[in-house]
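In C-alpha cells below, several structures.
Next come two complexes, and both contain chain A; in the first it sits with chain B, in the second with chain C.
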Partner chain A sequence: MQSIYLSLILFLPLIGAALTFFIKPREIARVVALVFSVIPLFITAMLFSRFNSDLGFLQFQFAENYTWISSLGINYSLGVDSVSMPLILLNAILCPLTIIYSWGEHKDANQYFALLMILQAGVFGVFMSLDFFLFYIFWELTLIPLYFLISIWGGPNKDYAAIKFFIYTHVASLVMLLGIFALYFSTNVNTFYIPDLLRAFAGIDDVMKVAIFLAIFFGFMVKMPTVPFHTWLPDAHVEAPTAGSVLLAGVLLKMGGYGLFRVLLPMIQDMGTYQGQIITIMAFFGVLSILYGTFAALAQTDLKKMVAYSSVSHMGFVMLGAAAFNVISVSGAMFQQFSHGLITAVLFMSVGVIQHNVHTRIISELGGLTKKMPKLSFIMMGGFMASLGLPLMCGFVAEFLVLTGSYLTLPVYAILAFLGIVATAGYHLWALQRAMFGSFNEKLGDIKDTVSYEWIPMGILVLLIIYFGFNPAPVSDIFQAASSVIPGVMQI
Partner chain B sequence: MSFTCESLIPFAPEIILVIAALSIMIIGLFMETSSKKLLGYFSVVALLSSTAIIIAKGVYEVELTGLLAGSLSIDPMSQFFKLTFLLVSLLVVIASIKEFEEHSNQDEYYTLILLGTIGMMLVASAVDIVTMFIGFELASLSTYVLAGFNKNEPKNIEAAIKYFIIGAVSSTLLLFGLSYMYGLSGGLTNIDELANFFSMNTELLISPMGIMALVMMTAGFGFKMALVPFHMWAPDVYQGSPSVISALLAAGSKKMAFVAAFRVLLVAIIAMKVEIGILFAILAVVTMTLGNVVAVGQKSIKRMLAYSSVAQAGYIAMVFVVVTPEALTGGILYVMSHAFMKAGAFITVGAVCYVLLKQNSKAQDVDHIDNFAGLGKRSPFLAFSILVFLFALAGIPFTAGFVSKFILFLAVLKEGYLYLVVIAILNSALSLYYYARVVKYMYVLPPASDEKMSVPTPYVIAIVLAMFGVLAIGIVPEPFVNWATSAAEVLFY
Partner chain C sequence: MVNDVTNIAYLIVALPVLAFVLTLAFGKKLPSGGGYIPILAIALSCIISIMAFLQIRETGMPIEISSHWFAVLNVGIFIDPLASVMLLMVSFVSLLIHIYAIGYMAHDPAKPRYFAETALFTAAMLGVVLADNILQFFVAWEIVGLCSYLLIGFWNHKPTAAAAGKKAFLTTRVGDVLFMAGIVILFFNMREHVLPHISGQEEVYLLQFKTIFENIALIPSQQLTLITLLFFGGAVGKSGQFPLHVWLPDAMEGPTTVSALIHAATMVTAGVYLVARTFPMFIAAPDSLMVVAYVGGFTALFASTMGLVMNDIKRVLAFSTISQLGYMMLALGMGAVIGAEAVGFAMFHLINHAFFKACLFLCAGSVIHSTGTNDLREMGGLFSKMKITGITMLFASLALAGIGIPFLKILDTPIGTSGFVSKDAIIVEGTYVFAHLSHNWIPFAFGVIAALLTAIYTFRLWFMAFTGKPRQERHPHESPFTMTGVLSVLAAFAMVFGMLTFLPFLEFVGHTYDHEEIHHLAVLGENTIIDHHELHHIVGEASPIIFLLPVVVGVGGLLLSWVIYNRRWISVASIGNWKNPIFAVIARRYYQHEIFIELIALKFTYGVLALSAEFIDRRIVDGIIDGISDFVVGAADIVKKVQSGVVQNYATATVAGVALLGLILTFLSITEVI
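Showing the complex of A and B:
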C-alpha cells in the first residue's frame, strides 16, 4: 500500500484551481481557493509532525511510485526527505497566506486564484518529484501560471517582463534538460529516478561529469537567480502583481536552491580533480550575487525593485553556503531558503500595500508613512529587520550559519560576503528612513492604512519569522540532518 | 498470384471508405443542398467504422506481408499512420459539417476528403514504389481540389493553383527518382527487394545515377514534407485554403509524405551504408530555424501555423540524420502528436474565423492576429483550446508536443548529435515566443469587440477530440510510445 498524502498535497490545489476557474463570483471563488490551499497545509503539517529526520541520504518517506513510461524508465515517483520537507512546509504556508492577502482582488478574481493554485501545485511537484522527467514537468509547469499572472495582472511594462521571464527561464530549463539527457545516457541505468542516477553518476568519465554538472547548474543558477543571470528577476518582480511576486520570490526561486541540494551537491564528491574548480565557481557566483545584489539594491529608487535585488543577494548566501560544502554552511544555506521565503513574502506584501494605497513605490516620493499607516509600518519594520539579519529573527540564524560555515572552508569568500551584510543593513535602514520615517509627504494626500486581510497574513509571517528566530530547531534540525548525510560533505 | 476476394479482406477499412466515397458522390446528385449535411454524418460513420476495424485488427503485433501481389503490407507502422490519417480526417469532417453546411457541393467535398484519406492509407501500407506513388497521387489530387474548394474566394483559388503546380512538379521529381531506382535495380519495385539489392550493390547507389535518384527522391519528398528549401508553397497554401483543409493538409497529407519517406528514403539510407547524415542534418537545421524565425514575424495566424509546421517538419527530419529505431520511434510519435496539435490548432482557428465571418460577413483577413485580441473574454473555450494546442506545439509539459519532443531529442542525443539537439532546443525556445504572443493577444489585450462568440457544436466536438488526443499522449504516453516503438521496428528488424 503506497502512501497517498503527497499526491493529495499535489493534486488538491489543482482540483481547487479547476473549481475556482469556473466559479465566476469572486466571493465564492476566493473561499474555494482558500479551502483548497489550506487542506494541503494541514496535510503537510501532519506529515511534518510524523517526519523522521534521522534517515540517511536519499531515504525517502511517504514515497509513492507508479510506472509511467516503462520503456524509458520514467516513473511517477514522489517522496520527501530532509532536504525537501521544510520547503514543502514553506510552500504550504505561503500559498494560503497569499490567497488571503489577495482577498480584495477584483479583476477576474477566479482566474487569478486559479493561477495562484496551479503555481502552488507546480512548486509542490518540484519539491516532491524523485523522477527527473516529473521534476522537469513541474519545473516547467510553474512558468505558465506566473507568465499569465504577470501578463494579465501586471504593471505598465508587463508584456516585456512576462515574455522575458518566460523565454529566459525556459531556455535555462532546456539547458538543464540537456544535462539531464546527458546524465541519463552516460549512466546507462535506463531510468530517470534521481537517486539511481546520482548513485550511477560516479561511474562516468570526468569531463562528462563536469559538462553534466554545468548544464544542470546553469538551469538552477538562472532560477535562483545568480548574477549575471538574474536580469529577468527585477523586471518580473516589478511588473508582477503582489501575490505573484510573493510566490516568485518566496518559493519559485527556492526551486533553484532545492535543485542545488537535491541534485548537484551529491555530485560534488564524485567530481575528482575538478572538485576544487567547481566549488570555486559556485562560491564566486554566490559572493558575486551577494555583493552585486546588495549594491544594486542600494541604488534602487523603486522600493519593489530594491526588494527584488535583496532577493538576489539573499539567494547568493544559499549558493555560498552550498559551495562551502560543510555541514554548518550547507544546513545554513538550506535554512536561508526557508527563512528568506518567509521574510521576502512580508517585504513584497508590504510593498504591495504601499503600491495599492499610496499609488507609488518610488522611495523619494514616499516619506513619513508611519504617521498614516502605523499598522503597516509596524509589520514592515519586522520584515525589514528580519531581512537585514537582526538577531533573534530567522534570517540571522541562516546567514550566521552560512557565514560561520563558509569561513571555515572558504574564508576569503566569507569575508567578502560579510561586507555585503554591512551594506545590506545600510540599504534596508536607508529605505525605511526615507520611505517610512521623517516628515509626511503632504503631496500624497489622504492615505488609508492596511486592511485586515492584508495585515493578518503579514502578521502571521512576522510571528513565524520571530518564532523560528528564537527556536529554529524544528526546521534547522531537519536541515542539519539533511546536510550531514550528503556524501562528501565535511563534518565539522 | 491470383486475385481472390479473400485477399481483399485485410483492406476492409479502405474498401469501406471507397464505397462510402462513391455512394456519397452518387447520392449527392439527388439531394437538396439543405439536406446534404447528412452526407457529412455519413462520412463520419464511414471513417469511424474504418477506424474501428483497424483497432479491432490490432495495432501492436499485426504482421501481414505480401498482400495483393506483394504491393501492400499491414504492419504496426501502417496501422499507426492509418489511424493517424483516419483520426485527422474524422476531425476535419466533423469540423466541416458546420463550415460547409450551406455549400451546394458538399457531396463532392466529402467524397474528396474520403478519397484523399484512402490515398494516404494506401501510402501507409505500400511496400511497392508504384503503389506508393498511386496512393500519393490519389491523396494529392483530392487535396488540390479541396484547397480551392471555396471557388469564389480568389485566395482559395490562388492557394489551390499554387499547390497544384508545386505538387505536380514535386510528384514528377519523385517519380523521376523512383524510376531511376527501378532502372538501376533492373526492374524491382518492391521496397524490401530494392533495399536488399542496393545493400548488396552499394556502388550503384553512389554512382551518378544513384545519387541523381536519391536527390530527386529527396526533393520530391522534401516538397511534400515542406522541408526548406522546398517549403515555399506551404505558407501560401495553408493560409489561403479553408482552415479545415489546412488542417487536413498539415496534419494529414504532409504526414503521408513522412511515412513514405520513412519507408523509402530511410531504407535507402540504411542500405547505402554511406555517411550522408550531414546533408540531412543541414536540411533539418535550416528547416527548423527558418520556419521558426519567419514565424515570429507573421501577423496571420494561419501563416504562422504554416511556418511552425515547417519548423516541426525540421525536427522530424532529424530522424533521417540519426537513423536508429529510437529516433524513428520519436519521429513517428511526433508525427501523430503533430497531427493532433496542428489539426486542432487549424480547426480552432477555423472556428474563430467562421464565427467572425458569421458576425460580419464582409470581414477581411479574419485570421489576422488582431482579431484574436481578447478572445479569452469573447470565447473562453476557443481561447483555451488555442492555448493548449499552441503550448503543445511549443513543447510545454503535459502535452503530446512535450513527450514527443522529449523522446525524439533524447534519441538524437543518444547518438551523440549534441549540436542538433542544441539547435533544436534553441528553436523550441524561439517558437515559444510567437506562440506566447498569440496567447498574450487572447488573454491580455482588450477584446476587439464585446460580442460574445458562440461556437457551433461540430467545431466543439472536433476541438475537444483533438485536445483529448493531445492531452492523452501528453499524460499517458506509455501505450503510444510502445506502439510507435513497434511501428519503428518494422523498418529495423
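Showing the complex of A and C:
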C-alpha cells in the first residue's frame, strides 16, 4: 500500500488556495489560508518524528509512485530522504508564519493568500519529486505566484522587477531543462525517475557528462543565486511585498541548493578527469558569492536590498560547502540552507515592519527607531545577530561546519571565506547603528511599534533559531546522514 | 568517585543564564528592576565555585563532565586549578559589581535590561572559564562579545555609545575570526595527524582540551606555531593588546559598572585566560610565546604613555587596563624560559588586577556619580567631601602603581600591595630571569619603564581628583552604603590579597599543568625551560638593584606625580601643550582613529571594496544582463512582423506552454489508465 502523506502535504495548500481564491471577505480567506497551511505543518511534523535517517543513498521513505505517462517513463513519484526532510519542514514552518504575518493585508487579500499557498505547494513539490519531469513542473510552478505577487502587490518599480525575475530565472530553467532532456536521452533507461537517471549517469561519455552537469548547474546557480547570476534577486526583493520576499529568500532560493545536493553532488564521483575542474568552479563561485555579496551589502543604502545581498553571501556558503565534498562541509552546507531560511525570514519580516510603519527603508532616513519600536528592535537584533553568525544561533553552526569542512579539502578557499566574516559583522552592525540606534529622527513623526500578528511569527522564528543553535542535532544529524551516503564524498 | 560538585557544576553558568531570562521577563515588575535576581544567582554561582575549588584542592583531581553535542563535537565542563581560581574571581568580583549597581543604576529607567545583560555577561564569562573544549570556549567567548556590544551601547540613544558598541564588537571580531581560523586549522591537524592514532578509543572528541593536550606531540611544529599565533590573535582582540586595543578606551561609553565588569571580571581577562588555558600548545611553539611576550611588553609600555595625557578619568583607567593586560601577556611569554611558572604569575596578576581595577572603576563611578563629570580637570579637592571613596581609591592606586617594600620577606612572602607582589614577580622572576638566560633585556625594560609611567599616571589621576582646590560649582557628596561598602571590600583585597595568598596561589595554580609534561613539550619545541629550583637559584643570585628597580620606579613615579600635580612645582602646561610634538602625538592616541576608522574601515573597506562591488554590480554585471535584454527586444523589433516582440508576451506564452504541456501529459496518462 502506498503512503498518502506526501500527497496530502502537497495538495492541501492547493485546495486551500482554490478555496481562498473564491472567498472574497478577507477575514474568512485568511483563516482558511492559515488552516490549510497549518495542517501540512502537522503532517510534516509527524513524518519528521517518524523519519528514519539511517537509510542509504536514494532510499526514500513515505514514497508514492503512480504511473503518469508510461511511454515516456514519466511518473507521479514522491518520496523523502534525509536531503529533503528538513527542507520540507522548513517550508512547512515558514508558510503559516508568513500567512500570520500578512494578517493585515487589505489589497485583494484572498488572492494574495491564494498565491502564497500555491507558492508553498510548488516548493513542497520540488522537495518531494523523485521524477525529474515532475520536479521541473513544480520548479516552474513556483515562478507564477511570485511573479504575480511582485507585479500586483509590489513597489514602485514592480513591473521591471517582476519581468526580470521571471525571464531571468525562466531562461535558466530552460537551460536546465535542456540538461534534463540530454540526460534522459543519453541514458537508455527510458525513465525520468531521478535515482535511475543518477545510476545510469556513469555510463554516459565524458564530454556529454560535463555538458549535462553544467546545463543543470546553471539552472541551480541562477536560482540560489550565485554571483554573477544574482542581479535579479535584489531587484525582486526590493519590489516584492514582504511575504513574497520571505518565501523567496526563505525557501525558493533553497530549491537551487537542494538541486545541487539531490542531483549534482551524486554525479561528481562519475565526472572522471573533469572532477577537479568542476569542484574548482563550484568553490570559486561559492567564495566569490560570499565576498562579493558581503561587500555589496556593505554599500547598500536600502535596508531591504542589504538583506537581499546578505542572502547572496550566505548562499555562497552552501556552494562552498558542497564543493568541498566531505561529510562535514556538505552537511554544513545543507544546514546552512535550513538555517538561512529561518534567519532571512526574520530579517525580511523586520524590514517589512519598518517599511510598513515608517514608510521608508533608506537607512540614512531612519535613526533611533529603538525609542519608538522597542519590540521590533529586540527581535530584529536577534535576527541580525543570527545573520552575522553569532554562536548559539543556528547560522553559526552552519558556517562553522562549512568552514571546518572546507579547510579539510579546499584550504585556500576556506581562508578566503574567512575574510568576509568581519565585513559581514560590519554591515549588520553599521545598519543597526544608523537605523535603530542614535537619536531619533524627529522628521519621521509618530511611529507605531510592531503589532502582535507581526511579532509573534518573528518571535517564533527567533526562538527556533536559538533552539537549533543550542541543539542542532535533530536536523544536523539528518543532514550528516544525508551527506555521508553521497557516493564519493570524503568521510570523517 | 561520586561527588556533589561535579553534578551541580553546570549551575555555575546555568544560574546566571536563568537570572538573565527571569530579569528580562519580570524585571519591570520587581523592585530595583529585578537586580536582586542576578545577585542571588551569581552569589550561588560563587558558592558553587568555592565548593569546586575546595574539592579540587582536597582531591587534586579536576572536575570533568562531557556529553555529545552534534556532529563530531561535545559539550562539557572542565575545572582544574586554573579554571577554579578564575571562576572564584569572576563570580566574586561580578557579584560585588552587581551589588554596587543597585545603588549606581537606581535612577536609570532601563534597569531590567541592564541587569539582564550583565547577568548574561557574567554567565558567558563563566562559560568561557569552564569550557572543556576549544569550540565551546569560542562559543562562550562570542557571547561575551555580544554582551559587551549590548552593554557598551547600553545608552544606545547616544550616538557615541552606539558607535563605541559597534567598534568594540568589530575590533574584537577581527581577533575572533583569527581565533576561529585557528580552531579550524587545529581541527584539520587533529584529524590528519592525531585521529589515526586514537581512532580505536571510544568517545574521542578532537577539539576537547584533554585530547589536544595529550597529542600535541603528533601535530607538526609549524602548524602548532600557526595555530597558537591565530589563538593569540583572538586574545589580542579580546584582551585589548596592540594593535586591536582601540575599542577598549571607547568602551567607557557604557555605565561605569559595565566598564568595571569589562575591565576586571569579564571580557578582557578572557584573552589572557585563553593563552593560559592552551599553554601546553604554546610551550611547544616557543616562537609564538616570544610574540606573546613582545606584544604584551610593548602594549604595557605603549598604553601607559597614553594614560599619562588623558583627561577623562575612565579613559586613564582604560589605558591602564590595556597596559596591565600587557604585563599578563608578558608574563605568559616568559614561559618560554620559566615554563608553567609563567601561568601562575600571569594568573596571579590577573586576579590582583581584577580587585584593584574593579575598585578603581567603581571609585571613578562614585566620583562621576557625585560630581556629574568625567573630566579630571573639572574635579579637585574631592577628598574632604568623599572620604571613603578617596581612601579606597588611594589604596587601589597604590596597588596599581605597585608600591611595596623591597627585600623584606616574611615567610617567603613579599610585603606590599597586591599589585606590587604580582607585578614584582613578573618583572623579577619573569623578565629578569629571561634576560639572565638569554641576555635579552628588552622585555625587562618594557616592564620597568611601564611601571614608572603607571605610577605617574595613577597618582596624576588621584591627585587631580582628590587634592587641590575644588574646580567646580557642584556639591559632591559621598555615595550610599551599597556603593562604599563594595569599595571597601575591594580596597581591602587590593591591599592584602597579594600578600595573603602569594605562595598558596602559585602552589595551587602551579598544579594545573604537569611540570614534566610541560618540560617534555618544551623540548619538543626545541626549547629548554628551567625548573622551580633553578628559577629560585637565579633569582637568589640576582643583584639587589634588580629587586630595587621596580619599587624605585613605582615610588619615584608617585613622587613625580606629587611634584607636578599636587605641589605643582613643575607647570603641567609647559609639557602638556599641543605645540609639543610628542605630547600631540600621544594625546591624539598615535593617530589610531585616523588609521583604523578613517583609513581602514571607511576609506578602504567601504570606499574601495564595498563601493566598487556596488559599482560593478550595477554597471557591469547587471549592465550586461540589461544589455542582452535590450538586444533581444531590439532584435525582436526588427522581426516584429513575424513576432509580437513584447517580452511579456513571451513570458505569458511560456507559462501557457508549460501549463498546456502539463495538461496534455495528464490527459495522456488518463487515457493510458483507461
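In the analysis below, the second predicted complex is superposed on the first by the 492 of 492 C-alpha atoms of A that agree within 3 Å, B and C clash if a C-alpha of one lies under 4 Å from a C-alpha of the other, contacts with A are read in each partner's own complex, and residues count from 1 in each chain.
One rule holds for everything that comes next: a residue touches a chain if its C-beta (ideal position, glycine included) is under 8 Å from a C-beta of that chain, and two chains touch if they have at least 3 such contacts.
The structure displayed is predicted, hence computed values, not measured ones.
When both complexes are overlaid on chain A, the residue A:Tyr184 reaches chain B alone and has no touch with chain C. Look at A:Ile137: by the touch rule set out above, it reaches both chain B and chain C.
Judged by the touch definition given at the top, the superposed model places A:Ser70 against both chain B and chain C. Of the two partner chains, chain C is the only one touched by A:Leu392; chain B is not. With both structures placed on the common chain, the touch criterion links A:Phe148 to chain B but leaves chain C unconnected. Look at A:Ser331: by the touch rule set out above, it reaches chain C but stays clear of chain B. Which of chain B and chain C touches more residues of chain A is settled by the count: it is C.
By the touch criterion defined above, A:Ser310 lies against neither chain B nor chain C after alignment on the C-alpha atoms of chain A. Applying the stated touch rule to the two superposed structures, the overlap between the chain B and chain C interfaces on chain A comprises residues 67-71, 137, 140, 144, 147, 163, 166-167, 170.
Every residue of chain A that touches chain C in the complex is listed here, in rising order: 67-71, 74, 137, 140, 143-144, 147, 163-164, 166-168, 170, 227-228, 230-232, 292, 295-296, 298-300, 328, 331, 368, 370-371, 385, 390-392, 396-397, 400-401, 403-404, 407-408, 411, 414-415, 418, 421-423, 425-426, 429-430, 432-433, 436-440, 471-473, 476-477, 480, 492.
For chain B in complex with chain A, the residues that touch the partner chain are 391, 396-398, 402, 406-407, 409-410, 413-414, 418, 421-422, 425-426, 428-429, 432-433, 436-437, 440, 443-444, 477-478, 481-482, 485. Listing the residues of chain C that touch chain A in their complex gives 68-72, 135, 138-139, 142-143, 146, 149, 153, 156-159, 161-163, 165-166, 169-170, 173-174, 177, 180-181, 183-185, 187-188, 191, 601, 605-606, 609-614, 617, 621-622, 625, 629, 647-648, 650-651, 654-655, 658, 662, 665-666, 668-669, 672-673. The residues of chain A lying in touch with chain B in their complex are 67-72, 133, 136-138, 140-141, 144, 147-148, 151-152, 158-159, 162-163, 166-167, 170-171, 174-175, 177-178, 181-182, 184-185.
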